[in-house]
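Structures given as structure tokens follow.
Two complexes come next, and they have one chain in common, subunit A, joined by subunit B in the first and subunit C in the second.
The block that comes next holds the complex of A and B.
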């Protein structure tokens, strides 16, 4: 195993334990995995950021 | 046969069409295609100023992710299941295929949100919106059959969970999610073809009608689109400033 693989396994393994059932949230008949919920949250953050952050144009701020 | 410019049809803007050939379907089709998408509109050098926003980037990000999906899928098809299940490089390309699909959907949904809140169907852009929706649905089907093609416990679980839902629609008679060969063929032939064609039409429609302007630039009272403009009058007015 390479050093990078060993290090990444050690670091990510500590953050996300994949050797166990996933976590889920329940809301009535809706059931969502926490992983998917995080992805949806990131997409919403991306959407809001894309609207709010100015687009840098070539040649200055005209 | 040589082309005589004096005999060219004066009613068409295409050079090189003889009058006696103008009624041929090839000439008509070519004329219609050039009328709908002249080269400067098909591949423009400049975009309207309002396109300088990050929200407009997500459409092309979706296309970029789709390109990675297709290329990695082709590599997987060339090398075969043993390679992508066993070898480290195969694992890597397999992961690239998965994560480019994840990126594709994330970018596509943000693009969808942006298009929805801008009411991107304005200005005769209804078909663009409809083909975007079809692209989304076809992509969901492609991703679903991809999960069924993994050849692991995950695909078995998804297949057995999905069969009852599919059967309840009546589609199970011709679309059997437990039939691995059929799902693989749908995943690597039929559905990618559908997604490719639909996305292609979507992009051509975007080029034909132009990118939808923000609401403030599309208020009533603005003059009509000038001929040959790529979008609304407002967009044409500021075109070239981006």
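The block that comes next holds the complex of A and C.
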């Protein structure tokens, strides 16, 4: 591999390579990828945060 | 509106899930455009950062060439079913042909039948005979095709049946398909030549050829590939098949279409998981649920759930707390 190719691969390549065999959670007919579970978890955390994080006090912009 | 109905409306009782109390309190200025622009900027920044960090799925496309190169026996076994008209595509039904193997319906409701055949596909002609006739300088191929097409239907059926039986135990080595000898007439040469054509990549081009300069219609190669086991096996290895709740998965370690969790859930539940009209049944359930969601404000009981659950008081708890602590005030919904 040439130096230019190696450098360009380092610069342009993804920091985290997800193009690898996936990991799955299997329970009965439920077979979810761990990546999807992470996304679902993040969505739940954001939902709870959106409810619980207080609005700015009056006197600010709103 | 008549005067009577106006007076009826005035006199009817107030219902908190249907009627709205006019707000007489203070108003606070709020810049909605600013919020939109800030949200747009944050999301755009997140998209750029996540794209740089994770890139995107990079699976090699499945083509007829890759299929016939990696599994030529499966290709030949599928090709003979296209020639004798027993493949899934050949017997699918509308919109491709008049078969009824995969036509779905719920009672009288059958959109496929109503629309009819509007993408006509004859698998023997479109997938096998037509592409082979495009090969230049191949009189032997043309002679085999002429002999096959000139034979009566019963003879064609006898040849294809004999070949289908023989190709079940076929092997492939040194670039040649090895099928046990049998009385299958020109069919052996036809399928052998089609396999060689597929492995060269020429069949991909022949299947997508169109009158337009740029061809984007991949219906024929996709149907052909889907009739074999190769694509299905690849999908199974990547956990992407429907019976694995896999329609929401993505290749590799990428998150997929998690929002399809409900849509794909119905495919795992009886009778949809074994019904020949499963797709239509799942679609009907989702349409019904979508209709219920759209009509929530008009459905008594369901429209009161937010008022009963009181989640809104959790979101606007500062407001209700201030109302409760205000002198002479009481917190009301």
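We take it that the second predicted complex is superposed on the first by the 39 of 62 C-alpha atoms of A that agree within 3 Å, B and C clash if a C-alpha of one lies under 4 Å from a C-alpha of the other, contacts with A are read in each partner's own complex, and residues count from 1 in each chain.
What we mean here is this: a contact is a pair of C-beta atoms (placed from the backbone, for glycine too) under 8 Å apart; a residue touches a chain by one contact, two chains touch by 3 or more.
If you're wondering where the values come from, they're calculated on a predicted model, not measured in any experiment.
Peer 1: Output check: A:25 vs subunit B and subunit C. Expected answer is one of first, second, both, neither. What do you get?
Peer 2: neither
Peer 1: Taking the superposition as given, does A:38 touch the first partner, subunit B, the second, subunit C, both, or neither?
Peer 2: Once the two structures are laid over each other on A, A:38 reaches subunit C alone.
Peer 1: Using the touch definition from the top, say if A:15 reaches subunit B (first), subunit C (second), both or neither.
Peer 2: It touches subunit C, and subunit B stays clear.
Peer 1: Considering only the touch criterion stated at the top, classify A:49 as touching first (subunit B), second (subunit C), both, or neither.
Peer 2: First partner only.
Peer 1: With both structures superposed, pick whichever of subunit B and subunit C touches the larger number of subunit A residues.
Peer 2: Answer, by number of touched residues of subunit A: C.
Peer 1: Jot down the residues of subunit A that show up as touching in both complexes, subunit B in one and subunit C in the other.
Peer 2: In the superposed arrangement, which is not itself an observed complex, subunit A uses residues 39, 43, 51, 55, 57, 62 for both subunit B and subunit C.
Peer 1: Flag every residue of subunit C that touches subunit A in the complex, lowest number first.
Peer 2: The contact residues of subunit C facing subunit A are 28-31, 52-55, 57-59, 238-239, 243-246, 248-256, 258, 261, 268, 311, 314-315, 317-318.
Peer 1: Taking the touch rule as given, give the residues of subunit B at its contact with subunit A in the complex, in rising order.
Peer 2: For this pair, the touching residues of subunit B are 52-55, 57-58, 102, 106, 109-110, 113-114, 241-242.
Peer 1: Hey, which residues of subunit A end up touching subunit B in the complex?
Peer 2: 39, 42-43, 46-47, 49-51, 53, 55, 57, 62
Peer 1: Could you pull out which subunit A residues touch subunit C in their complex?
Peer 2: Subunit A residues touching subunit C: 13-24, 29-36, 38-40, 43, 51, 54-55, 57-58, 61-62.
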